[in-house]
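Naming follows writing order (A, B, C, D, E and F), and every chain is counted from residue 1.
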Amino acid sequence: MEILNSILPELIRIVICAVCGAVIVFGNALVMGYAERKLAGHFMLRPGPMEVGFHGIIQLVVDGLKLMGKQLVVPAKADKPLFMLAPILAFAPVFIPLLVIPFSDKLQGFDLDVGLLLILAVASINVLAILIGGWGSNNKYSLFGAFRSVAQNVAYEIPMLISLLAIVFMTNTFSLREIAAAQSPVWFVILQPLAFLIYIVAMVAETNRAPFDLPEAESELTAGFHTEYSGMSFSLFVLGEYANMFIVCSIATVFFLGGDSGIPLPYFEYSGAIWFLAKVYALMFFLVWIRWTYPRTRFDQLMNFCWKYLIPFSLVNLLITVVMVKLI
Amino acid sequence: MIVYKYIAEILFYAFMILTFMGGFMAVRSKMLMHAVLGLAVSLFGVAGLYFHLGSPFLAMMQILIYVGAVCIMIVLGVMLGNTPDQLAVKNFSGRNTLLALLACATGFFTLFVAIGQTKFVPAAERIGDMSIRFVGENLLFKYCLAFELISVVLLTAIIGAIILARGGREEVAK
Amino acid sequence: MNVDVLEDERHHRFVLNMGPQHPSTHGVLRVLLELEGEYAMSLQPVLGYGHRCHEKIAEYKPAKSFMPNTARMDYLGALIYNHGYAQLLEKATGIEAPQRAEYIRVITSELNRIQSHLLWYGAYLLDLGAFTPIMYSFDDREHILDILEDVTGSRLTYCYYRVGGVCRDIDDKFIAGTRQFIDRLRSRFPMYEDLVNGNVILQNRLNGIGDLTPQTCARYGVTGPLLRGTGVAYDMRRAEPYSVYPEFDFEIPTETKGDCMASFLVRFREMEQSLRIIEQALDRLPEGPIMAAKVPKKLKIPAGDYNSSVEAPRGELSYYLVADGSDTPYRLKVRTPSYSNLSVVSEQCAGMLLSDVVSAMGSLDLVIPEIDR
Amino acid sequence: MMISGELNTYLIISAILLVIGLYGMVQHRSLIGMLISSEFILNGAALNFMAFNRFIAPNPAVGQIYTLFIMGIAAAEAAIVVSIIIAVYRKYRSEDPEQVQDLKM
Amino acid sequence: MKSYFSELFTGGWSLILGLKVTIKSLFSPIVTVQYPREKLEITPNYRGHIDLVKDPENGSHKCITCGSCMRECPSDCIVIEGEKREGVKGKVLTVFTLDFTKCSLCGACVEACPTDALDYSNEYELAGEARSDFYFDILKRVEERK
Amino acid sequence: MDVKNVVQQWQNMATSVEEVDYSVSGYDYSVCLEGEKLSAFAGLMLNEGFYLVDLMAVHVEPAIEVVYQFAHFKTRCRVMARAFVDGKGEIPTISDIYQGANWHERETRDFHGVVFTGHPNLEPLILAEEDVDLKPLLKDEKKLKGVAAVRRVQPEPEAAKPEAVKSPEQS
């Protein structure tokens, strides 16, 4: 009994964290899946899903059920263990970063002093998942998608890291909560507009979304690395993609948009979380917006852009930041 | 509080098994791709062991650098250098198995005996703690030269890699 | 099939089978790509998945009855295909269509051309990964389809022209609707410019891709916007004027670079010129009959051979008819523009990136049924 | 018994990692397989450093720094080896180290 | 160096212009029609499959069973039969079927008809489960319409 | 390009060169050739800036006639060049001069079985490869006509056709 008493609060905390993580991942996928289709529709002057439920609101649920009911087809010449592992590897790690994201000063799983590193470390697993998925399918299109994805993600990780590093220099910490708290008078988007822009671009590339959706460029590679996936294993990739979007947008919010800061709403303790989510979804809206506006870039141009513009600019930005931090 | 220790202990076993499993997978699998996956799994296990050794920072770096960079680079090497049908045949040959096992067993036995025989004495007094701040201070002040050297090594490696990888290109393409 | 690519000793190259079901081949076209990395070192189109023996059918039924088949060859330029065929038989039999019918033909043909270009515009951008413009261009295209449906009765595979005229007269509603549409499309062009034509990503994707020269075009018989993109102002409406085109004042847009961007811009500007033609034709539309007075029920074609070339949305369309004096063609050969345009692809795209192959093939504006016939 | 708090456990684990690496080095015939095996050897050493750092070192930063260096070296090594493999493959169309006898590229 | 920056700015500006276009359309009304629930008015000139015209004088059709539509049809999809009857001038139509699977909607039959007995129907919602759903009995249809 | 000059050169190599009324037939010159002159003729056409519009075969008695259609980008000059296949059903290829002819020749091989000697890759293009011997456009004996039956009868002066198309003069 004594043991139970001592361990119970921590256990409950872990359970709650896990449940919240699951709720965020699946809830976010539902919301974003619906919002993306609806927004895409309205960007194109059409209504989007309208059939199932009021304005198609339960379309995503039905789609999810359909995907769950579908057969998992494994191609005959696929490398079966790799093929089955890839979607799990793409999906499972997305829970971990959610644990360290400070939704508000009271809502955070764990405040790790290496929170940023944790997120980046986990994000790098995603690349591996795409790679072995593309390889395991034993399909040429998938292989191309995997190749592109790796080159793209590895290249864009650099400007992303460097632009975040500028903020880390300003705050002297890797802890996300402290970074969010450090911008109480001015958000870092005002102090570091260049880093913010670079991060936004790198973020789009990291999540493999249009206009940088080369790994799944459907007009060239049919569906890229997930050409051969069906049913649940496909939906795991999609869930992973939306969760990754949520995570990178959260990082942007924490680093540049003041985290949970905002006008406190009356009588509500967790109003910070509301602000936080509002900012995250505003960024996600932006992601959706550019996806439905631009054509896709070409692969070498994508890399050129990274090496010719993003990395030099982020390095210059870092240098200026360091000098400023030292002087002030 | 003892429960935590048990949980930690179970986790330790899990990481250990992960490390060994990955290792065996890496050296015994027929497909190179599986070998790389085994390496990744094993490195995860080692990252967990670092966690147990009190350094979450290094655990993160292990995943970030090894899984995120080294493994992926190796995978790229696998994909670039091989066509799928070449892979299964070329990678692995069991012709020296007995010899290899013997050598490994001898080596392991020697180490085992050495570890058993030696008496390790903990330092009387420890300065500092395991935090990143302390590591960072040490890295940038006390071991500054080594830090600079490693960056030079990395830079050289990158330049060398680029030169090597580009070198053969002209004669093949176009 | 085309195993010479596979049997090559360059084993390290990667043979990729693009199609017959692939999002960017616009129908059932198969392309055998030989890749080295992401570079397509050679590529060979494989045709015939949609072959429907139109030329054989033509030899089995009265020449007049072949009219609906012409619309099925190129479902996007159906009226222009009708036009060429009607003109061919008129030439062969000496029937002359009345002026009003010719004007109606020009108006509807040009609407058809704009419609085809609008669809190409959307589909091409879809190939390049932009999803939204296709919906905007379909929105505009839908207006043309409504206008044309009102007069022809169908929406895609029109069979509207007859030997000696057209089968229905246009009314005031059609004229008002067309004028309204002209204003609408003109007001939409700046939007397209902002959203697409000026976009830096698109420019980077298209500039300098798939270079063509007038010499290459001559060797392969490439015509249409691709040829005009290389700086040759060759348009059948001017080069061998037919119908009442000589009466109108319009430009032939040309570009000099011969790359994908050039043909892109040429097609885009052609829509404006077509609008100009329609406007002038509506202003000068004469009154009168819409069918020639005496068209015999059984249309005997005098022995000999006849050719009729018109400017289809994708290039030069020629019908070549060999007649033996009966009412059935002895041999009918249709020279479809996409067929020649596609054959240039293996020279044009060699050594290109896979993404550029997609943009180059998209800029050919392929309609596969027209190639396979 | 809590083996996670014992120095010897970690030392044995690192010894096993080293041995696995050795075994792989001997067994694999492809360059990449050898590269993978060498990573195990490096990891065994790194784990050793960390273990000593945790249990007996006076300055707990040193072992971590050494491990960091090992990671850096491993990354550099992997980059170099992979590019060598690519170059070798271009030249010989093979990855078998026994076939690669000519040092000049 | 100058072009390096000017490219960046012109490129960035063109991207912003594109965003302006799409955000404008996000807030403009939709243009598509929710088909099964909303239906657009079909033009009276629409050319569906052929139908016999109802003759207001005798309440029946005007077909004189001359067979010109059958002959004119390029794909032989019309079959008509008639028979001689007592007390009626000319033939009486007994069978008039259209094989719509073969019809290309060219309109040759309508134009060939000497008595204007044929016209296009306005039916466009044609979907069936079997080939036989598209063998229309035109004569029965005109009788049913009474 | 000087049309007269070109016509002169055609006359040197062709068996007959005939000017045709554009308003009736839709082309300007009809050139009849021997099979072996084809390459030289195609080379001349390419030099003069003509492009290959089309290539087709017509099955007539006594032999299959292959028709090459050329036109010019700058001047209105549309040419039909005709040549009969030889006894073995063979005719030299022009795909080494006009690469666009490659597919047309393969198609003609599909439909009529004309063998173009020297063609790099004369495999079925439009038809499936198992249909190599189908040759669907060959006429059966009942329908096969002599070459004279498909040649234009020169119209009597009073039966001249009305001018259907406006002035053919255009440059």
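Here are some notes:
Here, contacts are C-beta pairs under 8 Å (C-beta built on N, C-alpha and C of every residue); 3 or more make two chains touch, one makes a residue touch a chain.
This one's a predicted model, so the numbers in the text were calculated from it and none came from an experiment.
Under the contact definition stated at the top, no chain borders both subunit B and subunit D. Between C-F and C-E, more C-beta contact pairs are found at C-F. Taking the CA centroid of subunit A as reference, the farthest chain centroid is that of F. As a whole-number value, the distance joining the C-alpha centres of subunit A and subunit D reads 32 Å. In this assembly, the C-alpha centroid of subunit B lies 61 Å from the C-alpha centroid of subunit C. Distance between chain centres (mean CA atoms), subunit A to subunit C: 44 Å. Distance between subunit A and subunit F, defined via averaged C-alpha coordinates, is recorded as 63 Å. Counting partner chains per residue, subunit B has residues 57, 61, 69, 76 touching two or more of them.
Counting partner chains per residue, subunit D has no residue touching two or more of them. Shared interface positions of subunit C, defined as residues touching 2 or more other chains, are 12, 132, 136, 139, 195-196, 199, 201. Residues of subunit E touching subunit A in their complex: 8, 15, 18-19, 21-23, 25-26, 28-32, 34. On subunit C, the positions that touch subunit A within their shared complex are 14, 16, 22-24, 38, 125-132, 135-136, 139, 195-196, 199, 201-202, 204-205, 353-356, 358.
On the subunit B side of its complex with subunit D, the touching residues are 5, 8-9, 12, 16, 19-20, 23-24, 26-27, 32, 35-36, 38-39, 42-43, 46, 49-50, 52-55, 57-58, 61-62, 65-66, 69-70, 73-74, 76-78, 80-82, 90-94, 96-97, 99-101, 103-104, 107-108, 111-112, 115-116, 120-130, 134-135, 137-139, 143, 146, 150, 153-154, 156-158, 160-162, 164-165, 167-169, 171-172. On the side of subunit D, the complex with subunit B involves touching residues 2-4, 7-8, 10-13, 15-20, 22-24, 26-30, 32-33, 35-37, 39-40, 43, 46-47, 50-62, 64-65, 67-69, 71-87, 89-91, 95-96, 105. Considering their complex, residues 61-62, 64-69, 72, 132, 136, 139, 146, 149-154, 157, 159, 162, 167-168, 191, 194-196, 198-201, 203, 297 of subunit C touch subunit E.
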